[in-house]
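Please find one structure pasted underneath; my questions will follow.
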Amino acid sequence: MYLKEQPLDVAALLAGVRHSDGGVCVFLGVVRNENAGRPTEKIEYQAYGAMAESEIGRIAAGLAREWPDTQVAIRHRVGELSVGEVAVAIVASAPHRAEAFAACRAAIDRIKATVPIWKREFHPDGTTEWLDPSAATPSRSPTAPLPR
Amino acid sequence: MYLKEQPLDVAALLAGVRHSDGGVCVFLGVVRNENAGRPTEKIEYQAYGAMAESEIGRIAAGLAREWPDTQVAIRHRVGELSVGEVAVAIVASAPHRAEAFAACRAAIDRIKATVPIWKREFHPDGTTEWLDPSAATPSRSPTAPLPR
Amino acid sequence: MSVRVLYFASFRDVSGRQEEERPIPPGARVADLWRELVAEMPGLAASLTGSMPPAAVNAEYTGPETPLRDGDEVTFLPPVAGG
Amino acid sequence: MSVRVLYFASFRDVSGRQEEERPIPPGARVADLWRELVAEMPGLAASLTGSMPPAAVNAEYTGPETPLRDGDEVTFLPPVAGG
């Protein structure tokens, strides 16, 4: 299972690095306190669970084909996250660092491109919006302020 | 102080990531159980301490100039390390991931190129050798087996 | 003949539902279903750049010409933003 | 006039010492000191690719033509292997 409703355990992922691997590249996507100039209070990650699992599995299989000496672990958080919490954790390890960096970067790029996970930003003024990474600025969705 | 004689605390470095940073790229150099086909029992990292501190400081300052939005933390272990222990830890964080990856990769490449730290491999058969990364295979230094 | 349609993120907000059963005529394709949904809920197409968002049938990406079968689980995906 | 020479890694093994005080003639440069050391300890040059390894004076990289001053801390560096 790549999707987790509980805080991601980066230390546990690091403990899974093989003793034959000398280079470990980790990427953590962390909830920021602002985006595009607007403050963020918290984030909701919503996933199409079954499809997200199989898409991440497909990405992992592709990475294993392209970087056969590299071991890649992927976890993605769903639900509501506070500022500073880890939304996605990728640990790529290989005998040497070049492959570890390349596989780690490819992993996060591909996850962002195709995995059916959506991100709603909650602002301190009570408004929310679903992030559209393809838009120059986040789409201002017509959701009304939530009751607080 | 960038050099540490005690195990590196990666969690503490991660705790220093700013809440304005959403992309965190970590590189860990870990002691492998073999190199160039020979098994490794442990590693000794020896440093020219004063110069290593100032060289890493110079590298950190260069990274800060080239990636002004990126925060980079660097720690390097010295002394004797067992297989699986972290020899070097780099945490690069930025608002977005591209800079974090680039600064992290540049950091480890530059550290390996110029910081006066040396690495001695101890093999199970009692032989040791100082690693020469510029050699195609590690130089077989003329050190005799150590008393065990 | 019917399919189950799942709504996520902004599409869930616009449609006001998480999922629904929807009867489809024989021979209907993914793009036909999308046109039907947009006719009922024009807001679905509000922030769209292309003619149809990415679609999935039974949790796999597929194209607009894919024929629908009875019992398929169909999803149109607003812009994904994982990571 | 003298300098302090530090030895690390394989150079420490070859020389059998961590550091030493070494008298130098007035006008001596870094490369002169290296030639003197190699004359005494040919093993220092054993695995060398260039004519002189990287050198540091007072904990900063410097070139072979740098003049030495009384009290300088001089180091010749075998191939570094941090990380």
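Before moving on, here are some points about what is shown:
We just call them A, B, C and D in the order they show up, numbering each chain from 1.
The rule we apply is simple: a contact is a pair of C-beta atoms (placed from the backbone, for glycine too) under 8 Å apart; a residue touches a chain by one contact, two chains touch by 3 or more.
These figures come from a predicted structure and were not determined experimentally.
When you average the Cα atoms of each chain and compare centres, the chain farthest from chain B turns out to be C.
Centre to centre, using the average C-alpha position, chain A and chain D are separated by 50 Å. The centroid of the Cα atoms in chain A and the matching centroid in chain C are 25 Å apart.
Chain contacts: chain A has residues 29, 108 touching two or more partner chains.
Remark: the chains found to touch one another pair up as A-B, A-C, B-D.
Within the complex formed with chain D, the residues of chain B that make contact are 29, 45-48, 50-52, 54, 76, 87-88, 108, 111-120, 130-135, 139, 141-143. Of all the residues in chain A, the ones that touch chain B in their complex are 10-11, 14, 17, 19-34, 83-84, 93, 95, 97, 100-101, 104-105, 108. Listed in rising order, the residues of chain D touching chain B in the complex are 6, 8-10, 12-13, 43, 47, 49, 56, 59-61, 75, 77-83.
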